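One chain, subunit A, appears in both complexes that follow, with subunit B as partner in the first and subunit C in the second.
== the complex of A and B ==
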């Protein structure tokens, strides 16, 4: 299930896609080319204050709205786990 | 149309027709149209000869950084030797004089100028860099026909292979012009990997004070490196020793180029840079790619 803010951000990069954007939206078919993928990725990084690791910069990540959100969710979870670990260390 | 020795029989029209013979995204902005000319002159896969040599040589720029991009004139010389085509004459053509030189040459001409001046490219009016193209006179000599096999996706739009009929006034910029092309009998090049000054190149990237400028240079060079490795891999597809490592190196370079493009955008936003990317560049520049034994490899 897509985060609503993520879906809103994504819709600005694929304005011709059917609304509401769902997990199975194929991003390339919706008009997202490789250059715009970089713009989208930077916008996601800014919105969620994260950084995509190199191993996630693949075609599979950008295949569908769901696969992209899944990668974002993983990065957010990993960052949260890291924060908790730091909190425990300092606690 | 092809021959082993003699005057190139190509016309600007036959070059336009042969545009699909140039493998996409394998040649840079100087090589693309020499590759096309070689395919027209020697046969449709002749351009892959360029991929028998992987040349990665860093040269200093005047700003404290180095580049992997050779001087255009030196690269044209190298391409001529490998492709087995040779220009009888090279001229420095001042702005507004191209028509005289092309009409007098009575054949296909290869020109290198500033992409900033070239109306068929997305760099037009935006980016200054050397770029090569083929040019001939139209039937009545009052117009020019430009053929350009270069293909690339840029942040200003795509550069798409094609041909354009243009008024000579649209080409009123200075160029270096190579004319009187001949086919030269040369043996098929043996595989060769040449890397020089790469340690100095990486050290300069790390040390340069202007981090945006440093990453801009890295972006140019990783793009170039990805094309060089892709061509090397294509030219060694049938080489039992090299096909697999060459393909893997090409894939790694392509991934690196994407990472650098993204990294540059992050640095431009004032964000922290990833030192791991420059570490990866250093490793890619020393990937083991042992040349095939003498005399082996497919003859192209």
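== the complex of A and C ==
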């Protein structure tokens, strides 16, 4: 299930895609070429204050809206776990 | 301010002099090239360079200050002497070394996803092979930032930066005879199985095109600011010239037809100025590719229009050594360097829905 803020951000990059955007939206079919993909990735990194790790910089990550959100969610979860670990360490 | 008593001929000499002043420190937020650039200082710097330096020398400073050094600084793993990228970035920031940005291959520069330079990465080392062309500062550079593919295919995640010492075995740099850009140190480079430790990877594997896209936006903004400064300067010089041609109201500046031609140039130059003000923070803060394409394409059109009109109005004077006709030929740079005019138009067209939605 896509996060609403993520879906709204994604919709600005694929404005002609069927709304609401669903997990199975194939990004390339929706007009997301390499140039747009880079812009989208930079916008996601700015919005969520994250950086995509090398192992997630693959075609599979950018295949569908769902696969992309799944990668973002993993990065956010990993960052949150890291923060909790730091909090415990300093607590 | 920089001492202008002796005219620098080479970008590396000018860079050394600029780093000895407050210009470069103040150009970067917190004095750190990885933290982004200050819009006011960036504009003042390129206005100063346009006033005082050659096109070639300024080109070398433009690429190094807005793209190559920020990319290198952002790729640092830490700020210790154990990280070679940190050592190199510090040396460049101190004016002791130059770094070149080697993105364009033998393949068309307008589509970097087709580039053929390869990097093989294992647990201990990287091996780089290929050829890069049209590298500003290549002949001055101690290191080149080389964009290479670590995987076959056109996906944007297939590319990675490698920081290559120009004296490493397998590296050859040749100067390009380009008199219009004298002082830029432009050259081509060949890499034959250049083997380096992993520490010379210029950032995470797979982020090469991503980091290029975000940093080249700033170079496009800088070149548009430089173009605006050039247009304003040339228009000032031309109006002064027209006022001196003929006597009293009969001078050329008194002719309505000529005044209207200059007025059209003033409109274009003013529109570029307004666009720069509107877009500069989106580019510097968000690396917005649409804004960067808008300012760069507009600058290319404006530079072409202003130099075409003013060089014509200056007549035979424009053909003297270093005159406006030479500058007009050099200004072809605005349609090619840092991304071609056509690439800018394609980017703008790709954002048509966004632009039209914003306008409605």
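We take it that the second predicted complex is superposed on the first by the 91 of 91 C-alpha atoms of A that agree within 3 Å, B and C clash if a C-alpha of one lies under 4 Å from a C-alpha of the other, contacts with A are read in each partner's own complex, and residues count from 1 in each chain.
One rule holds in what follows: a contact is a pair of C-beta atoms (placed from the backbone, for glycine too) under 8 Å apart; a residue touches a chain by one contact, two chains touch by 3 or more.
Predicted model only: the values in this text are computed from it and were never measured.
In the three-chain model built by superposing on subunit A, subunit B clashes with subunit C.
Look at A:41: by the touch rule set out above, it reaches both subunit B and subunit C. Ranked by how many residues of subunit A each touches, subunit B and subunit C are led by C. When both complexes are overlaid on chain A, the residue A:59 reaches subunit C alone and has no touch with subunit B. In the superposition on chain A, A:29 makes contact with neither subunit B nor subunit C.
Legend: residue contacts after superposition of the two complexes on their common chain; A:8 is shown touching neither subunit B nor subunit C.
By the touch criterion defined above, A:16 reaches subunit C but does not reach subunit B. Annotation: subunit C segment clashing with subunit B after superposition, chosen from 22-30, 94-102 or 256-264, is 94-102. The intersection of subunit A residues touching subunit B with those touching subunit C, taken from the two complexes, comprises 33-35, 38, 41-42, 46, 51-52, 54, 57.
Across the complex, subunit B is touched by residues 33-35, 38, 41-42, 45-46, 51-52, 54, 57 of subunit A. Taken together, the subunit C residues at the contact with subunit A in this complex read 113, 154-157, 204-207, 209-210, 213-214, 286-287, 289-290, 346-347, 350, 353-354, 357.
The residues of subunit B lying in touch with subunit A in their complex are 153, 155, 255, 258-259, 261-262, 265-266, 269, 276-277. Residues of subunit A touching subunit C in their complex: 12, 15-16, 33-39, 41-43, 46, 51-54, 57-59, 61-62.
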